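Can you keep this structure in mind? I'll have questions shortly.
Naming follows writing order (A, B, C and D), and every chain is counted from residue 1.
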Amino acid sequence: MSGNTFGNLFAVTNFGESHGPAIGCVIDGCPPGMDLTEADIQPDLDRRRPGTSKFVTQRNEPDQVEILSGVYQGQTTGTPICLLIRNTDQRSKDYGDILQTFRPGHADYTYLQKYGLRDPRGGGRSSARLTAPMVAAGAVAKKWLQAQFGTTFRGCMTQVGELQIPFEDWSHVPNNPFFAPMADVSAIEAYMEALRKGGDSCGARIRVTASQMPVGLGQPLFDKLDADIAFAMMGINAVKGVEIGAGFASVSQRGSTHGDSLSPDGFRGNNAGGVLGGISTGQDLEVQIAIKPTSSILTPRESININGESTEVITKGRHDPCVGIRATPIAEAMLALVVMEHALRHRAQCGDVAAPLAAIPASAG
Amino acid sequence: MSGNTFGNLFAVTNFGESHGPAIGCVIDGCPPGMDLTEADIQPDLDRRRPGTSKFVTQRNEPDQVEILSGVYQGQTTGTPICLLIRNTDQRSKDYGDILQTFRPGHADYTYLQKYGLRDPRGGGRSSARLTAPMVAAGAVAKKWLQAQFGTTFRGCMTQVGELQIPFEDWSHVPNNPFFAPMADVSAIEAYMEALRKGGDSCGARIRVTASQMPVGLGQPLFDKLDADIAFAMMGINAVKGVEIGAGFASVSQRGSTHGDSLSPDGFRGNNAGGVLGGISTGQDLEVQIAIKPTSSILTPRESININGESTEVITKGRHDPCVGIRATPIAEAMLALVVMEHALRHRAQCGDVAAPLAAIPASAG
Amino acid sequence: MSGNTFGNLFAVTNFGESHGPAIGCVIDGCPPGMDLTEADIQPDLDRRRPGTSKFVTQRNEPDQVEILSGVYQGQTTGTPICLLIRNTDQRSKDYGDILQTFRPGHADYTYLQKYGLRDPRGGGRSSARLTAPMVAAGAVAKKWLQAQFGTTFRGCMTQVGELQIPFEDWSHVPNNPFFAPMADVSAIEAYMEALRKGGDSCGARIRVTASQMPVGLGQPLFDKLDADIAFAMMGINAVKGVEIGAGFASVSQRGSTHGDSLSPDGFRGNNAGGVLGGISTGQDLEVQIAIKPTSSILTPRESININGESTEVITKGRHDPCVGIRATPIAEAMLALVVMEHALRHRAQCGDVAAPLAAIPASAG
Amino acid sequence: MSGNTFGNLFAVTNFGESHGPAIGCVIDGCPPGMDLTEADIQPDLDRRRPGTSKFVTQRNEPDQVEILSGVYQGQTTGTPICLLIRNTDQRSKDYGDILQTFRPGHADYTYLQKYGLRDPRGGGRSSARLTAPMVAAGAVAKKWLQAQFGTTFRGCMTQVGELQIPFEDWSHVPNNPFFAPMADVSAIEAYMEALRKGGDSCGARIRVTASQMPVGLGQPLFDKLDADIAFAMMGINAVKGVEIGAGFASVSQRGSTHGDSLSPDGFRGNNAGGVLGGISTGQDLEVQIAIKPTSSILTPRESININGESTEVITKGRHDPCVGIRATPIAEAMLALVVMEHALRHRAQCGDVAAPLAAIPASAG
């Protein structure tokens, strides 16, 4: 309740700063008896980690995860799982500039005003580096959900800056540094190259889905599945918008087209994005998020210093020109954490409910 | 944590069904010593209540609120405030059709599959009628925030179906049944009239703001102010998308334009929507939400019955053709509840922090 | 989290004051599909209600419970159950004395200092009358636990003032107004009569148990079953001590005698009180609580007034001379609520654990 | 909510096992701007750590704490403080015996039945070693409370086995390994020596207090200060009973003697133990707890093995013959954590309440 724990039954408490000795999390509430080693977690961390292409920050972090507790002889024991990731490439440098001024669009100003002080090293607690422990925790949730229901999570980039990214096939996503679902990403590369040379940054739109969803997850009125997804997504660094299913397009739809027809063969559409009345339908969860451009850029901008006087800010150092590029595994992880939480909550309250109807197939094909 | 309590320190627990004897809520955690009577709450309920124009459901509910506890001699005592609203116009009718089939786009299917049974009377618990107690609770939060910080909340409709609604002035909002910020709403009336005749429904886009915001509200990493706003908004019936500030438009913005410059005279823009790093900047909170079209419509649609067999569904009875029309006071109330919660949380942790810098004016004008 | 909700998954939010229009609670998280009517709840309320003998307060309250929500056609729907109890016998009288002075041993002083104001009518929120909704909620929990596991709850008085009450048999408990497990309660009657004539009050010791307990309930480290029992019991008005199993007697026991031996026929004792390591063993839960003497008495006592000046306090009006007399059904209800909460929590995390060993019989007999 | 986080606003999440690589905790919600280094925490850890006398376990753990996050340039930043303590003296040995059988009075049986598996190394998660991170977290709370209100925490042993320990003076407590408030502890030494030779264990009674308490902490109905104290204390390993103020002695008190008179010079007694109606009075908090004898003893006992067959259990290895000996700093820490939590909660809700009356002195002397 103090802001750094995500979830209640599968509760992930996050700690650390960008340039402190370590970052990590504690997962409380993991079901016991699941096989778990670092090898289950590392692949997702590797997908998120920096330094893997020239389009992301050049900070070199192996992001090796270490399980400190909660696992005995390769199995979860039901007790807290502490995951630790050492910071290894904190550059020793002078943060004087960042300490004295506020980057437009950055949390510099708000952290200082809220807490009265701030850790300026690499953004301190406001750094997107703190998403790494969530990716690690998400991997644990993914494994359990896969085993329990066959649920799988996927994500991809659908837009970068003004550039729309057409969906070709999921199979392309792991083959390029952008998580783009297309074979030829040369246009994205050119776009990013131009951006980098211009010393500027851009936003991105990410799509994330869950397939093979159980029916019945979500707690109306407030802890709706989609409400918790929105909470999770908007809480990712730099996210400014969240859509479920048809999202903002539903504003101009008619009820007769928006409502997904049901048939014995399955739903005939997924404008719902897999949620009706805050409860999962069994269709794929479909989520899109908007990520704003990085605020740490070389382009000079008007700002003020900590005395309230006018100044100009230029931000050097290692930064992602598009923080959205690495957002896909993060959004997947957060979605998995939401589904995990609701799977446990549903079992708590409705563990002996027999669904009156065989679940409708997710899609009528 | 079971889904029907909103907030932790200013915790609102909601109960009731559309056609039960009563709906209401319990507010736990209200600061003591605030003057409070029903007259502080009723105006917002009146703005939301049904039956006030031909463009909304004709169910006639006075929505008179009664304070059952937590107030002594006109002052809050710091103990739970129970607000009760009697249902008075539940039509006695046969719900056979609704019980036997599933409306496309409605929670009929998911409630039944989750709980094994459902209350079909007027949508039962999934009815938008359950937003009334939140509007009542929001009025309490608004009053405290106004007294404490001068914070005020406003909302308006910005789009209905395909029809964009240009912003003319806040003063028009109370003068038409759509909460439209424009003088002449005849085009909206015509649009809705055609929709109604066609037996269909449409979506809407709502904007909601908070002005005179204190700096420093919000708890990163997860309980960010904007994350909690997204949670609150996506939890409102029929909402499919949420944006903060520039929202999805930020995807195609450059960092050099998105980041709101700071100057001694104030911020030079509000792409942030009043939140940076999950913490309020002191600028106006700017939120937009997408509301899907009502799922209860006269147009026949393909569906299945509770035996899983094909059928056709037509929904008669009293329904809003655009549930978004009455959404403005609801969204205002939910925003107020989020700000209230975070005002108390901030005071808990940072009650003795002296902000290093005088707050920047919300806008450089 | 603001103090008036008990439990998280089976969350009971309590509202009301002693002399307000009504008291009640909202139960959030009740499993759906359970038969439930007022008749399931009323008997426990009748056991607790005032005015049933000359040894308790003469306030005459029928404590008729009304289910306002969460039940459809006699079954729980999984949505919040609001239980309402009207106050009917609030005496209109002058509270001037109570408002101006502080009763020694009463919450008068602390409520005023905490909140800055207080509702003095019948003790306002600090009245033991607010246990009635908990008894009602406990009846719902008892019913579910009985159906699910066969768990039953019993309680009795084991001491009143200096008077030890020997345990004869559970069957006597409903046959006397003291919940005493003995046939002849004339000694208690005489004791209470002398106390009443003397204008004084006394304490009591209550025992409460749960039988047919499932193994495995409780969440170490902190949300241990016994820790939550202690929390629930100490939260009952006037309770000053809680023991589990051997309790304070375990201080002078040896490890060789305290540890309950296990045998294929069952445990050979219950010094544990049914909990080891914070987790239920399947043995009976055994809890004892100490209840202090009522603070509202006719005997004059030294105190101060609200200006901080010396005064003498005499409390007239209708008060229980031993608040412990009616505490038995309250303690049972609170114990049931704790067990219910942990049954749901356990199912959430460990719903698919197969206990390696057949449960040991509760007792080797 | 999954059992391993203590507190909500000052939330301490505990992780680790007795023989894993490390134990520790994450403190979320610490107010920013407080000076904090390891040197503030280590002294309390040193008071609790094993191996300091021949009367406690001979496991040799330096219990050196490392601050991994949440502190920048020696000041708390308001972000999560991760405290890490390495395990260094885990003896490599065969746990076959413990794995195959259940120690009477130990959590062996319940952990296995709940989770389906258990970590047997040194008791795994059920080890009292997990109190070390709480002592560390408590030191942080103590420092803040001391600075804010002058509140101080003290504890001592009042009974060990059948041996009553008379209170002479607080100054003796740090001068003996038992935390006994008496000058000459030779009787205790002799008692413990005999016990050790007999291969048995004994219980203890601990008293813990807080002085210079602010008035008004605690949230009725349920989150009362004393209810949370009972929760915290009963959650400590091996605790079987908790008393506040007069505790069980209040059962045989009269109301005219139990209720502490108020006078302009202060309260004339402290039967209340510093809490009335669940809210602090400003008097000293007075708490007593009963600690059961250690269950790991050399004396052979009847038990069963994991196949449910009869067996005899003898526990060798390094164990405390009286786990109560090291309980004093633990109980102090837990009390400090409860007070800290409620100090923040009170500030959240009542931060602008002006107490009507100057606080009464804690004691009339």
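Keep this in mind: a residue touches a chain if its C-beta (ideal position, glycine included) is under 8 Å from a C-beta of that chain, and two chains touch if they have at least 3 such contacts.
Predicted, not measured: the structure shown is a model, and the values here were computed from it.
Most remote chain with respect to chain C, judged by CA-atom centres, is A.
Interface comparison, B-D versus C-D: the pair with the greater number of contacting C-beta pairs is C-D. Chain B and chain C have Cα centroids separated by 38 Å. Separating the CA-averaged centres of chain B and chain D is a span of 45 Å.
Taking each chain's centre as the average of its CA atoms, chain C and chain D sit 26 Å apart. Multi-chain contact residues of chain D, defined as those touching 2 or more other chains: 1-5, 8-9, 14, 29, 32-33, 78-79, 114-117, 125, 220, 345, 349-350, 353.
Here chain D touches chain C in the complex through residues 1-6, 8, 14, 102-107, 109-117, 125-126, 130, 159, 161-162, 200-205, 215-224, 226-235, 240-256, 258-264, 268, 271-273, 275-282, 290-295, 297, 299, 301-304, 306-310, 345-346, 349-350, 353-360, going by the rule given at the top.
Chain C makes touch with chain B in their complex at residues 1-5, 8-11, 13-17, 20-24, 26, 28-29, 32-33, 68-70, 72, 75, 77-82, 114-119, 121, 124-125.
Chain C meets chain A in the complex at residues 1, 8-9, 29-33, 78-79, 220, 344-345, 347-353.
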